[in-house]
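A, B, C, D and E are the chain letters, set down in written order, and residue numbers restart from 1 in every chain.
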Amino acid sequence: MLKKLFITTAIALVMGGVAEAQTPRKGGTIRFTAPYGSSFANLDIHTSNRAQDEIWAKAIHRSLYNWDAKAGKPVLELAKSATASEDGLTYTFKLRDDAYFHNGRKLNADDIIWTFNHLMDGAKAYPGARYARMIKGGVEVEKGQAKTISGLKKIDDSTFEMTLTEKVDPGFYFWTATTSIYPAEEAQKDSFAANPIGLGPYKLAEYVPGSRLVAERWDKFYKSGQPYADKVAIMIMGEASARDVAFRNKEIDASILGPAQYVAYKGDPELSKGLLEVAEVYTRVMGMNPTFKPFADKRVRQAINYAIDTDLIIKRLVKDKAYRATSWLPPTSPGFDKSVKPYSYDPEKAKKLLAEAGYANGFEFEWTATSNESWGIPIVEAVIPMLEKVGIKVKIKPVEGSVLSEVVSKGEYQAFIWSLSTGPDPQVALKCFHSKTPQTACNYTLFKNEQVDKLLDDAGATNDQAKKVDDLTKVNNIVFEEAPYWFFNYNKAVMAHQPWLKGLQPNATELAIQNYEEMWVDETSPAAK
Amino acid sequence: MKFRANLLIGGALFGLVVIAGLFAPLLAHTDPVMGANLMNAELPPDTEFWFGTDAQGRDIYSRVLHGARISLTVGIVSQLINTVIGVCLGLSAGYWGGWWDDFVSGLTNLMLAIPSLIFALAIMAILNPGLTSLLIALGLTNWSFTCRLARASALSLKSQGYVQAAKVLGYSDVRIMLTQLLPNMLGPIIVIGTLGMGGAVLAEASLSFLGLGIRPPYPSWGSMLSDARDQITTAPWISIFPGLAIFVTVLGLNLLGDGLRDILDPQSRTRRA
Amino acid sequence: MTEVNQDTILKVEDLAVHFPVGGGLLGGPRRFVHAVDGVDLELKRGECLGLVGESGCGKSTLALSILGLQKPTRGRIVVNGHDIADDSVGRMTRARTTQMVFQDPYSSLNPRQTVRKTLEAPLRLHGFNAKSEIDDRIVDMLRHVGLRADVAKRFPHEFSGGQRQRIGIARALILRPQIVVLDEPVSALDVSIRAQIINLLLELKETLSLSYIMISHDLGVVEHMSDKVAVMYLGRIVETGNWKTIFSTPRHPYTRALIEAIPDPFKQSRGMKIVGEIPNPLNPPAGCGFNPRCPEARDLCRVPPTPDLEAIGADHLVRCRRVHEISAGKLTAP
Amino acid sequence: MTAQPLLEVQNLRIDLAIGNARFPAVQDVSFTIEKGETLGLVGESGCGKSITALALIGLLRPPLSLAGGTIRFNGKDIQNLSSAEMRKLRGNRISMIFQEPMTALNPLSPVGRQIAEMFVLHKGATWKEAERHAIEALASVRVPAPDRRVKDYPHQLSGGMRQRVMIAIALACGPDLLLADEPTTALDVTVQAEILDLIRELSAAKGTAVLMISHDLGLIANMCRRVGVMYAGRIVEHRAAEDIFRTPSHPYTKGLVASLPLLGARAQHGQKRLQEIEGVVPPVADFPVGCRFNPRCYAATDVCHVDDPAVTELRHGGYVRCHHHD
Amino acid sequence: MAAFLLRRTLQTLPILLAVALLIFLLFSVIPGTFASSMSDDGRSVIDAQVMERMNKEFGFNDPVHVRFGKYVAQLAQLDLGMSFRTRQPVAKVLAERMWPTFILTLASMIFAIAIGVPLGFIAALRPGSWVDTVSMVGAVSGLSLPKFWLGLMLMYLFALVLGWLPSFGYGDGGLRYLILPSIALGVAPLALLARTTRAAVLEIMNADFVRTARSKGMSERKVVQWHLARNALVIVLTTIGLQFGTVIGQAVVVEKLFAWPGLGSLLVDSVTLRDIPVVQGAILLIVLSFLVINTLVDVLCAIIDPRIKYS
């Protein structure tokens, strides 16, 4: 069972200095980048669930669990052990006794309980509430009906009990930075907003809003010998072309690449040595709204999958910086079925299907898209002539990101193209196809299939991991057949790093989020001192 | 003698763009949108693709030609809107004076105080990116200079004998504004409009860079340039040609504006004497 | 109520025009400039009334009021027995009665209109639609002002100053008005051209039976053209009368000073001189407005109120308290 | 040996460049000014009288340029002077007042300073001394409260006051020659009289020669002993002031005198038609061949259309440039 | 002068209010909300309850007029509200970003003024010379370049190819980091100032009072020093004041390109993320600074030009 998880992560291509067996060097500064925008929200990671903010939070904060990039699963971070009860709903956590906050105080069970209570503060609408709501009694706190979460019980200073509402693996819920554990009393002070105190390997040294965040080694970090570097400097650089110059100019140690630069870096004898590629758990799809008449017909949706030469687009336009999507779940997911072949490029078949559905003469639809280069208008532009060949005309409706998420969750679209999170938990990912899941949550295409509903309910109820995976695989295959989406690709995240930067992890959930304590720079770095 | 060079070079450059725009369907090799063919993606310039191809395999030469239509539309329509708004407000404010003048002057100061790019940015965000939005955004945000000019001209012209004479002859206010004032202030306003057209083309590029410009299917130079900025090391031709097109157009318009100013703006005529 | 003499075409009664100055937010107290302050005038048919005074004396404002372009603060302007403030006397009627010739022949013609357009537009505006009639009128009018018919298609910049002034006169007369306000009609023209225009104006007055109100600071021109003269100072008429009276036996010290100030080649003796400049109209002197500059001023001149116009002869009115004490000697030499 | 005249202008020619063509805006202009004398130049706009003055002070700017003739000031040809020598002359020995006192003064500089500049430039005074001299200079042109007025800016002064400031500047260094270019045209008549008196008195007191330029024949005749009448870039008649009015010789002068509605003329002769001069003043580029007045001249004959008339000395002094003079 | 200053200051108030109203109205009809923007990358999906809750807390469920009422009431107490994104007072968020924008605009204006004005002067003093021709051709070309393109080129040239300067960022706030962005931002105002200065000087050169100055026997140098410079300065100053507005606006582009932590990049981010209070606050601040600068310019002009005070 777990073995399968291990095997699938092997797909993650590891090319850079990740697996090298060198002795980590101490000292120096890691000059990392935060590529998703030109600022951080603030220094309170509870308020943001953006990848951009998690990039700095990983240096300063830690959550109950952490993502193990190599294992491809969440593992315990702040606790030594977690034992589940018989019914699988109550977990007893034993905290590690060597974890100290940056003010020198030892981690305590109260901190954990306070943090989750804090996340459920309804007036604050923290995005992390989404996860803490899984704890029994969390919703009551959110609605103001209770003061504390009833499902959390302190046993002693280093032990607490957590009762869940559903039978799920808490690891998948409490590993992101937005559920970082705060020191209870200190976090209530006003100064906390400017001076976050966390459990992470680095403590805040300097923050220039909109520019960079510098953190320095926390000597009492609980992993022995770590972190290695003296400092981590995280530069906020949203502009890819500027990042490119800075990287080539050796001003930064790592950079996330887009397709265009991926080609350039791969073709460069020097730069190509430092590329880390990972299949991320995001699936790029075009969603089709069944309330738009042609898309109500499965044959039309399949026809679209047949009509688009997806491989060609991936090869020529995305420059192979993606893996062909077979279905919903990504290859790293336990529910992924290798035996399934993706829709072939077959315009004739597409035409036939369209004719059967009564659209022999084609139709026209409006395609809502943002300007994102990997899952936005540039892709649509390449698709347009292909659909035109089978008689389908496309009108592009350009929107901004915030508008896209709004119109999609409200169903105010005919078709959209987006990148959707499909991991790491396959059950969570596939729940989006449960008919009870509202459109506002993630059932964007109003998917409704009795068989899928049943399989999902079964998977949620069972204790048998193998049956669970089997059910989920079946769901995934039904979704493939029903084709509510044009399955485009799974993202291949690529990080360029300088030769002196070591210890990067192939994080499939988001490559830009790294555990800095495992990273180090050798003496060739300009910032080696 | 220099002013003639301005006018000639500016006129020639701008004329080139106008011809490119007018005859784009004839001159272009492929359809700017439907011409996508991924088999030809990112080919450098050669005899078939004069300016090379872009990431989607479209002929950049054809797209640049069609882009001229977009840029001309953006420049001309947005400036037309600006000019109409500016002239209507400025002319009437200068001529009538009083509270209306106070109001218009306040409005103009307001428009001057908000940097036009930021204003346009807001409007683009509200209306969603696209050509129509852009025309509105650029058309509504740059009339303050025209308005000030029209107001100042109206103020100075209204004391001119022929305006007084028209009043004495029983002309209505609107008729005086249209037949006596407007034709005599048109020169400098055309100059401002010409220079503003260049500004609009540049503003389109800036907004595209900020992700709020014209979006496909329109092949606008600004979005071509902005989208290709990541490929500047790998496939420089994708951005060089639209960039060059913007430069040539704006340069042409600026030179043309300067040249026209020498001819049409009586102030600078005394300047030369 | 107003008695209208058969021959009186224009009557101005107690006309006053006050302009607000300052006021508003932080603009200080709002004050008023009394540009025209209680002016009475009468113009008879076929007469030329000369309005004389230095800049800022209110003569232009007075003219604008008569043309209906400046709303009076007080008083009435009666043209042909109708009060022009009366709504029944519309813009159009006024235009057909009263017209104006402007000082600067360069700025008074729209540079973008041909002569024909300049003359045709008012005709069309006033209801002439038949092309033949318009043509006739234009040709006729051009002939009247001494221009050939073929100039109609040309633009103003193709003409010299004198010719432009002729076009300006044609425009003023195209609607066949009865009263024409001449605002410094020759002062902007070349010296050698002035006689042409003066002769033309006098000629037209006869042939088209016009009445003129002529504003001028050139006393030679005023003397030559006017039948009656009114001298203005600080918004008031200080002396008015028949041209002969005014020029041969002026009584008001200001009138005398004005005449004295004309440089005359044959006269070296300079009798009466005045010094200083027109006071700030926002802050006029108490009593007689002229007292600070008047060589004849005595204490009684500095006491409010402003002296009244006093009739000292047939149609000869003077606003001076010492009019009877100052000698009425002849001024002009030969 | 007769005393050397202060200024001697011989055959002055000034060209106007339009494109690549050059037209003589002023041609064959000769006159002299004795020390302390007032000479009048009268003419209509475009006759070249103002640019003649500018040529005398060396301020012609393109498209105008000095194209011939000599200008001797105190016996020295100013064209041979270096620009530094010329600057020493300008303002110091020859100074000028202009028509528009509104624009001729720097709007951003207090008038006192603009006067003081003269003493700093030419008398080597310090600014402090110069300011003191400026007050005296203002007082000498009869500006009331000069110690306060020196701090005023031009816009705070009336037209007459500004012109007084201009005169103060021009006479600050006690020049030998004052060029007065239409000094009163923009002013009201009463103010004009005062300014003229001022110029007359100050120049007499300091022995300054004056070149008075005006379009007003009456004013010139009143101010000057000798008058040059200019038409189309030439002096067509040069006479004693009273002769110009009494016995004009050139048809143009005659026409002008007869066309003016002089004060008192109506009382004498009634309202008769004024005598007109036909036609218009030609622009520089269109000066006629032969006598430049020929298209407008009642006496013109064939010779006038061909030959440029030479200067004819008149019996009672002065000269005329006409084929058919009386 | 004090009254003039007071009057000028009071005149800016209605403009600020009008801007507040305008911006508020504009952004009350903008599609998308902060909550929806949080999941714009499809990555960090927020669940419906949280989104709902957020919209409620941020007052999006109130009708527009109620929101505006609240906003104005806040403004009256000089409170710009709370940022949705940072959950901090907008004033604090703006304060953090003000300084970089301030020095960037200042540096680019200094660059523009220091080169543009003398260039225009020299060009005007020798009209038609090669200096004139070259600088004016350069100026018109400088005005014709897309800003981000220019910035990118500078980056490549000076950072990558020549390696003289850092390519991006604020660094330690040192001059090295400031140079490239301020050049990118300063080229357009430089070009414009050069042209304006040239035109102004040429015009004044023909003014009557300059002729008077020459007639006084002044050398050209003194004419320029004593009379021409001050008069040209008034025109140039006014242009500088107005250019500040454009520069602050264009800073958006340059800041984004160079990862410069100023108001401009904050503004663009906040628009994209629908952090409306910050957008409103930032625009108000930008407008306010523009008005302050222009008031300063007016005061300077009034000091130089005595006529202004009285009109």
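Of note:
One rule holds for everything that comes next: a contact is a pair of C-beta atoms (placed from the backbone, for glycine too) under 8 Å apart; a residue touches a chain by one contact, two chains touch by 3 or more.
Here the structure is a predicted model, which is why all the values come from computation and not from measurement.
Path length between subunit A and subunit C in the chain contact graph, taken as the least number of steps between touching chains: 2. Common neighbours of subunit A and subunit B, listed by label, are E. Any chain bridging subunit A and subunit E, meaning touching each of them, is among B; the list is complete.
At the far end from subunit D, in terms of centres built from Cα atoms, lies A. Counting C-beta pairs in contact, the pair that comes out ahead of the other among B-C and C-D is C-D. Separating the centre of subunit A from that of subunit D, both taken as means of CA atoms, is a distance of 90 Å. One simple way to say how far apart two chains are is to compare their mean CA positions; for subunit C and subunit D this gives 32 Å.
Taking each chain's centre as the average of its CA atoms, subunit D and subunit E sit 52 Å apart. Per-chain CA centroids place subunit B at a distance of 21 Å from subunit E. Within subunit B, the positions touching two or more other chains are listed as 125, 128, 211, 229, 232, 273. Looking at subunit A, residues 241, 399-400, 403 sit in touch with two or more other chains.
By the touch criterion given at the top, residues 2, 106, 109-110, 112-118, 121-123, 125-126, 128, 198, 202, 205-206, 209-211, 222, 225-226, 229, 232, 239, 243, 246-247, 250-251, 254-255, 258, 267-268, 270-271, 273 of subunit B touch subunit E in their complex. Chain contact summary for the complex, subunit C toward subunit B: residues 67, 69, 91-92, 94-96, 98-100, 102-104, 107-112, 121-122, 125-126, 168, 171-172, 175.
Across the interface of their complex, subunit C is touched by residues 160-162, 164-172, 175, 179-180, 183-184 of subunit B.
Residues of subunit B touching subunit A in their complex: 33-39, 41, 55-58, 125, 128-130, 211-212, 215-217, 227, 229-235.
Listed in rising order, the residues of subunit A touching subunit E in the complex are 36-39, 41-42, 44, 47-51, 122-127, 129-130, 133, 142, 193, 208-212, 235-239, 241-243, 245-246, 248-249, 251, 282, 370, 375, 399-406, 409, 418-421, 438, 440-442, 510.
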